[in-house]
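You will see two complexes here that share subunit A, one where it goes with subunit B and one where it goes with subunit C.
The block that comes next holds the complex of A and B.
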């Protein structure tokens, strides 16, 4: 049995940032807790914070379970995380600018060329394009896990269009409504500056042809998309239009939106649809979601697309292992936040280690996602391990391996009362003229006992995440 | 404002008004069917109603005989009938969901609650859902939504597009309800002015919730000329055709002021109002009530087309 780091209690003593929550918890009888939980759910439903699931029958509007017990970081802890996240966001953007330009990091022999140029996420159409301010990924979501008081690891980078930020904002809103006393007593850094910071970031990357206050729009696949609530929520808070592909068209060297007062030019598009769908003339010809000719306008500096097409090449699992090298190569700094130690099975000594430690490791396919095609050693039967061993020997370059991480736990409200549950953290880093980060992020929690899986489809919930002021 | 957003608001209002009309149609039909036989029996009245509602053919294909239970199914529950109460409320809510940020929480809640209650009604056995319960629920639900719009919504262009939807649909629907009376009356000209004739007119007033209002406005005898005046030309009557046309003009004028430009929609609406302002009820009867109403319905539909081209299609330059 592994020992897990609990963020509230270490060695029986309550850690300082959680001291007030200890009293709060003690003063809350079970009935009151249930009452508050019901109130929170009613609020979520009423405000309409749901994600839509179609095709499973029943009401398509689902709620993500909200756990009222907050997760707390001290100012000092956050300070280090923040520096690490900013550093990583800079390095990832430098990498993207490089691989769509001269590819110095490949020439220097640091990142293998095939990982970049043969990558599915690499967009040839972007080669030679330098987006405004050289920024490719404007919203970088960095998934972090914690294994000890000072031990944080980056689990994954998200350079395309990371979602979930609406939960960060609404979790806080609801906690403040339900437990105002907690916020009076603790000095908790606010997160509600995020929409304004996002608007500022998007405005700062307006295209060269824009000569006035830029018009910003969020491009959504439509109201059947599971994240539609988030799209409309952000558009509302930023005061920008929420558009679908059919609302936009290209004429001359600009992109226009169809309004009741005639066509209006759009300067910056924060798209929440995948690369393949944004322009049927350039990418998938059968796309109904995109705008024909968008890429031509983009190339000629008439519009900015956020994130830039092809930004996904930086958040690939195989490329991930090179991010610390990117930090050294582009920034000349030492990485502040380490990667999870990763064995690349393509290397023969790594493969040797992996094969002899299979039952203790997590092995993942390089291009897999969503937990498919992976082996979780400690949870697998010996037959499964042996079957996987055969596949691994056959195509070692297709796999990476990582140790099974002892994710930290935070007390959470469960059926029987309060119990520790595993968590991760996704902060959202904004990259434009400046790099901005609101103090907080989305904490996802695995509500099933013993589970390490925080995905909402597998019993995951969310928590409010606090950063205490100094 | 995005043309698509404006279109969704416009149609949200049209669907809600249409749902209310379907309920009012049901009420007229049920009351007229309670009358002693006026010729071919109840079949005649219900058939006239379906014709005025514009769904007689679709109904005949699906159900055959116009018996009351089938008509209830068709006008309230039927998802295949785009003008049924259930279909309209679903569509209105979907339109609202798409433009939720253009609505206040209260408006959205009213829409969402209507949808949840509708699902509840659909789950109940039909024997528990009497016709009057269905119609009352529909009218109350529509009123609640209008109330939240009135009390909480910002008075911007979105507010105008919602009200354009309401007024356009109401103008069309009141004209169609009036036309029911024409269809019912048609086969038996000798009934004109008889007790039965008046009873039918009064039923129509009741269905429009305008029965008492009529007496306040006119007093005394209920005559065809007075009722036609009330429902067509009297701007005091909230469901009169002229009231809806005035509403259309008011909101189109607000739009042209706000946008600083006028479109063919304003011209068409002013033309329609100009004609009605001069009109005497005798002229309508000279032209023939049915003929006048058909012409009016055509003009309103033309105005709808101009609103679409000028604001909602996104193709205007």
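The block that comes next holds the complex of A and C.
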């Protein structure tokens, strides 16, 4: 039996940041709890927030369970995480700016050229292009896990369009509405500054041809998209336009938005559409979602696309293993947040190790996401392990492996009462003229007993995440 | 050599469309192989968009034509002074590293027959290998217009055994990739041969990365390397990517295209 670090109770004693929650819990009878849980669900349903987190698939209309028991960080804990996240976001952006320019990190022999330049996410169309302020990834979602009081690891980076931030905001909103006393008793750092920080970030990367207060638009694939709620929610909170491809067009060297008062130029596009679909002239010619000619306007400085096309080459799971090297190479610093040790099955020595330790490891597809196509060795049957072994031998380059991490737990409301459940954390780091980070992020929780997979498609839920003020 | 070019692309849309958006790679880059004396691209009724140089060193210019559009005429006129560099592209500034040109697209994907063709030759070094592949492709696919079309892949052209410069180029890129040599598609112009043998004035050829030399052009259709008769417009991973004119017409329509190209030696 593996021991897990419980964020509320370590060694039987309640950790300081959770002290008040202990009293709150004790004062809440089961009936009240059930009532509150039903109330929370009704609120989420009424809001209509039912989407799956990016790339996770699953039923788009299924409600992601909200767990009322908050997850708490002290100011000190958060301080270290914040420094680590900022550092990583800087390094990832420096890497992108480099590989689309001179590729010094490849020339220096630190990252293999093939891994970068033959990567599916590398966009040749971006080579030689320097976006405003040199920023490629404006919203960096860094998924973190905890294994001890001071032990945090980065599980993966999300440099394209990490979603889920609307959960972070709504979780807080609903907690404050249902348990106002909790927020009077604890000094909890607010998260509601996120929309304004995002707007500020986007405005700060307006293109060179913009000579006034920039017009910002969120480009959505439309209301059939599972994250449409988040797109409209953010547009609303930022006070910017929510548009689909058909609402925009290229004329001359600018992008224009159709409005009731005639065409208006658009300066910054926060797109929630994949690279392949944003411009049929440059990428997939069959795309109905994009804007013909957008890339030519972008590359000649008439509009800014956030994130930059091709930013995904930095969050590839095989490139991930090089992020600590990026921190040293570009920043001359030691990484504050370590990676999870990773074996690359493309390397024969690594593959050998992985094959002989399969029951102990987590094996993931390099391009996979959402907890599919993944083996959790300790939880798998021997048939499942053997089936996976065959896939690994057939296409080793398609997989990486990591040790099964003893993910920390946080008390969660389950049918039997309150029980520890495994969690991760996705903070959202904004990169523009400045780097901004609201305290906390989205905590995802594996609600199935013993499960280490927090993805909503695999029975995961969400929690409000608190950072206590100093 | 001074080469005069007059190239007109006449697009017709029936019924007319709401809007046409084009992306042009119609301006020769300055390098040791070519120097632009005069150059002009006109699109009557069009609005010039942003211009920039892409990572492969090609000048890109966007155009929009507001509707209703029933026709678009793109005319390129210019004079280029060319120098024979024995096929080697010299002094061309670009950002994309050679390794990025090892990836296949559907048009350049290798099948068993292409792999056999690529492995059928042996050579002591990269340059000799590239020449051998160029000759092998030219021998395996006879020059014959009209049998292939814009979307024919390298594998399909080899199976047919016939094709045009686009097919030769796709096949040569596929073969070079199989032999681990970066390769790309070049679009441009070629001045007519003296003896009246078949040619296409709007031409395409491949560039293969040869260690120690850099990018070297190989024209499998004419079994030679580009010399002073060639004017280079731009490159890409395949014909679609390297197209001198890419366009999207917004609206349900039938598009037809007439192209006329005159490429001739200019008076001194």
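We adopt the following convention: the second predicted complex is superposed on the first by the 431 of 470 C-alpha atoms of A that agree within 3 Å, B and C clash if a C-alpha of one lies under 4 Å from a C-alpha of the other, contacts with A are read in each partner's own complex, and residues count from 1 in each chain.
Here, a residue touches a chain if its C-beta (ideal position, glycine included) is under 8 Å from a C-beta of that chain, and two chains touch if they have at least 3 such contacts.
These numbers were taken from a predicted model, which means no experiment stands behind them.
Student: Given the touch rule stated above, what does A:219 touch, subunit B (first), subunit C (second), both, or neither?
Tutor: In the superposition, A:219 touches no partner, neither subunit B nor subunit C.
Student: So in the superposed three-chain picture, is A:128 touching just subunit B, just subunit C, both, or none of them (first/second/both/neither)?
Tutor: It touches subunit C, and subunit B stays clear.
Student: Quick check for you: in the superposed arrangement, does A:260 touch first (subunit B), second (subunit C), both or neither?
Tutor: first
Student: Taking the superposition on A as described, I'd like to know which of subunit B and subunit C A:410 touches: first, second, both or neither.
Tutor: neither
Student: Return first, second, both or neither, reflecting whether A:113 touches subunit B, subunit C, both chains, or no partner chain.
Tutor: After superposing on A, A:113 lies in contact with subunit C but is clear of subunit B.
Student: Is A:240 touching the first partner subunit B, the second partner subunit C, both, or neither of them?
Tutor: In the superposition, A:240 contacts neither subunit B nor subunit C.
Student: Is the number of subunit A residues in contact higher for subunit B or for subunit C?
Tutor: Partner with more touched residues of subunit A: C.
Student: Same subunit A residues contacting subunit B and subunit C, which ones?
Tutor: Overlap of subunit B and subunit C footprints on subunit A: empty.
Student: Spell out the part of subunit A that touches subunit C in their complex, as residue ranges.
Tutor: 100-103, 106, 113-114, 117-118, 122, 124-129, 249-253, 280-282, 285, 292-293, 296-297, 299-302
Student: In the complex formed with subunit A, which residues of subunit C make contact?
Tutor: Subunit C reaches subunit A through residues 19, 21-23, 47-56, 60-62, 64, 66, 94-97, 99-100, 102-103, 237, 240, 246-248, 250.
Student: Taking the touch rule as given, give the residues of subunit B at its contact with subunit A in the complex, in rising order.
Tutor: The touching residues are 1-4, 6, 94, 97-98, 100-101, 105, 108-109, 112, 157, 161, 255, 259, 261, 311-317.
Student: Spell out the part of subunit A that touches subunit B in their complex, as residue ranges.
Tutor: Going by the criterion above, the answer is residues 46-48, 223, 232-233, 235-236, 241-244, 246-247, 257-263.
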